[in-house]
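Chains here go by letter, A, B, C, D and E, matching the order in which they are written, and residues are numbered from 1 within each.
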Amino acid sequence: MDVIVVFLIICGLIFFTGGAVGILRFPDFYSRLHPAGKLDTGGALLIMVALALFNLHHFSLSTLLTGFKIILIVVFVFLSSPTAIHGIVDAGVRAGLGPWTKKND
Amino acid sequence: MRILGIIVVILTGALLIYAMGDFPSWADPASPAHNHVSPRYIEKSLEQTSVPNIVTAVLADYRGYDTMFETTVVFAAGVVCFFLLRIPRKDEPTVRRYRHTLTGMTIRVKETRQIPPVLEEFERIDTLWAPHDLIIKTCCRILVPFLQLFGLYVIAHGHHSPGGGFQGGVILGASMILLAISHDLRTAIGRMSERVHAILCPAGVFIYAGTGALCMVLGLNFLDYGALAGILHVDPVTARSHGILIVEIGVGLAVMATMIWIYNNISSKGKYDEGL
Amino acid sequence: MDTFFLGCGLYLSFLMVLSLYRAVFGPTVLDRLIGVNAIGSKTAVLLILIGLIYHRVDMFVDIALAYAMLNFIAVLAASRYFQKRKGLFGE
Amino acid sequence: MIWQLDLAILTLVVIAAIGAIAIKDLLGSAILFGAYSFMMCLLWAIMGAVDVAFTEASVGAGVSTVFFVAAVFRTTRRTKD
Amino acid sequence: MKAQAQGKAIHHEPARESDSRPVVPSHGTARSLLSYAMAFFILFCLWVILSGKFDLFHLSLGVISCLMVTLFSKDLLFPEPRTAGSFAIWIRFIRYIPWLLYQIFMANLHVLYLVFHPKMMDLIDPQIFRLQSSLKGDLALVTFANSITLTPGTITVYVSIDGTFTVHALDKQSREGLPGEMERRIAKAFGEE
């Protein structure tokens, strides 16, 4: 059980690392949104699931409900994160920010 | 001038860090803060009020006056925003914009004396053009009821978990603000009009103060909820717990209404027509 | 296991520094917004980790839930600003 | 009290606060103030003051940033400094 | 070309647009009651998960809160009463989720590879392109848009009313994957085949 939890958490941390490094490395605003939108969501999913599993060690009704609450956080993150990313990218387009392409490099 | 400022800041910081050495260390049982009333709260609050969360018991019962005037301060903030910003005279903008919902085209209506009739296919949009954003509208529409339920949960469970009137009220207010941001301000005002939230705000303060006054009428001190035992038909300890819940509901109403009031006034410059 | 969680928390706060770099030095305001959004998603995880270290998850999970919802509102409001006022390079 | 995590978060609080002051653009400053508020919430949570952390999370992260952005939206964005 | 597509959309649109408009007063009382009950049921499940206390006092508080929220904002949850009753959509939507999770995992690996690649600048080729989707309902369109945002190197920039998606793609490989299987699966989940 612990092995699964540790494995999932380490995977999630790798995803988070990718998100943070990607935000620093990518050339323009639009491509920075890709790691921020995807890798952070995926990392949050993996770590939350792992913590919910770890929480079930002492199995009882209250820990089960707490696990459900953690899963609920994941659901809300999955609903709100793409929407926030979409809002930011739409704002960028409306504000007139040109995307970085290979040609004008 | 800048260098002088930096020197003053560094000197003050050094003084503060020097003074920090005299602090008692963290969680020191001998420090003054842990010696006067804290042990009494920790030992007695569960048997006197039957509230597991000591912070809530202290906030709403032992220090009831404090919280009541905090609520009054929040209420005052709302009233101040209202009096500073609200423009009661209705001056209609000369240009109105409508969107045809089937095709997404926008129409400008200029300088008309009479307001065009409300049509099914047209919806009014703000003068600063905002796109018809399907994703944001749909997601926020689904999220708002859950946010409201969560706010009510936080208010109702102030006894057992962190939270209470202030936090729950802010979350409830945030749900209406989310509606105003994702759709537009007119939708949110149509759901909860200015009159409603202007009444709810003093009503929350009134519930708080009225509960205290009721206790006084029933023969005990102001805000001594044990007096409610006769009305609620429970023993005094449970009555104190219920009294705390009633007070928290009052705080929640006042904070929610104030948040919506301030947001509407700031974002529409007091005109209540177009928001952020 | 607590030590492992503590290490995870420290690592997450290190990643927050990287995101904060983008938030402080970002060329445009929207880059700052991305940085703050990334910090917000890490904060919710970190709160639950702290809860597990203190063995009181049931308390901290409420805060994390409130966080996941409210962070979203702030980001949405800031992006709404740009949809209405188009000046991006206002600095 | 976990002093390692406490120290790390405290450093972040200082960085975010200095950044929020140093930026000339008022909108960016408001956004960074939101990040500062995240860090303060974490700091309260580490100290064990759960109620204060909840208040900071709900007021600081969500609503106050929205108020700042709305105020900037209705006034001007440049500082005269 | 685009105007033509829009015109085509307009011609066969009014029939479906008029019943998927946001707030339309419903006349079928039974449908409306069913959607109220459904909203109340979902909210009460959420309350039980959140609360975790099963004594009478807290449950009655929960009933009162859920009734308040249901009366205040039921039309936000189910703008058209029809969707509340169709359990088939719920079940098919739940069956869509595991596939989506798998896709998200693969997408994350792909972006991770790009992020840590030393010659990242040569690999990526960001472009904005459009695609025409045949999905109809609002919820289906939003689900498709959010799935696009969550999966390989693509972000939805804008969705127009007639189902034209503007998508920002990170590289060539992710551009080719769309619309493809995802749209088919979503159409199946929402019963729009």
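Here is the rule we go by: a contact is a pair of C-beta atoms (placed from the backbone, for glycine too) under 8 Å apart; a residue touches a chain by one contact, two chains touch by 3 or more.
Fair warning: this is a prediction, and the values are worked out from it, not measured in the lab.
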Original post:
Hey, how far apart are chain D and chain E in touch steps, shortest way?
Top reply: 2
Original post:
Touching chain A and chain B alike: which chains?
Top reply: C, E
Original post:
Just by CA atoms, which chain is the most central one?
Top reply: C
Original post:
Which chain's C-alpha centroid is most distant from that of chain A?
Top reply: B
Subject >> CA centroid of chain C to CA centroid of chain D, Å >> reply: 11
**OP:** Just give me the whole-number Å value for how far the CA centre of chain B lies from that of chain D.
**Re:** 19
Original post:
For chain B and chain C, what's the span in angstrom between their mean Cα positions?
Top reply: 23
Original post:
With chain centres defined as C-alpha means, what is the inter-centre distance between chain B and chain E in Å?
Top reply: 31
Original post:
Which residues of chain E are in contact with two or more other chains?
Top reply: 46, 50, 52, 145-146, 156, 158
Subject >> Of all residues in chain D, the ones touching two or more other chains >> reply: 50, 53-54, 58, 62-63, 66, 69-70, 73
**OP:** Return the residues of chain B touching two or more other chains; collapse runs of consecutive numbers into ranges.
**Re:** 131, 135-136, 139-140, 142-143, 146, 150, 154, 162-163, 167, 171, 174, 177, 181, 276
Original post:
Contact residues on chain A for chain C in the complex?
Top reply: 2, 6, 9, 12-13, 16-17, 19-21, 23-24, 29, 32-33, 36, 40-41, 43-44, 47-48, 51, 54-55, 62, 66, 69-70, 72-73, 76-77, 80-81, 83-85, 87-88, 90-92, 94-97
Original post:
For chain B, which residues count as touching chain E in their complex?
Top reply: 101-104, 120, 131-132, 134-135, 138-139, 141-142, 144-146, 148-150, 152-153, 156-157, 160, 179, 191
Original post:
Of all residues in chain C, which touch chain B in the complex?
Top reply: 58-59, 62-63, 65-66, 69-70, 72-73, 76-77, 80-81, 83-85
**OP:** Over in the complex, which chain D residues touch chain C? Could you list them?
**Re:** 2, 4-5, 8-9, 11-12, 15-16, 19, 23-25, 27-28, 30-32, 34-35, 38, 41-42, 45-46, 48, 50, 53-54, 57-58, 61-63, 65-66, 69-70, 72-73, 77-78
Original post:
What residues of chain B sit close enough to touch chain A in their complex?
Top reply: 131, 133, 135-136, 139-140, 142-143, 146
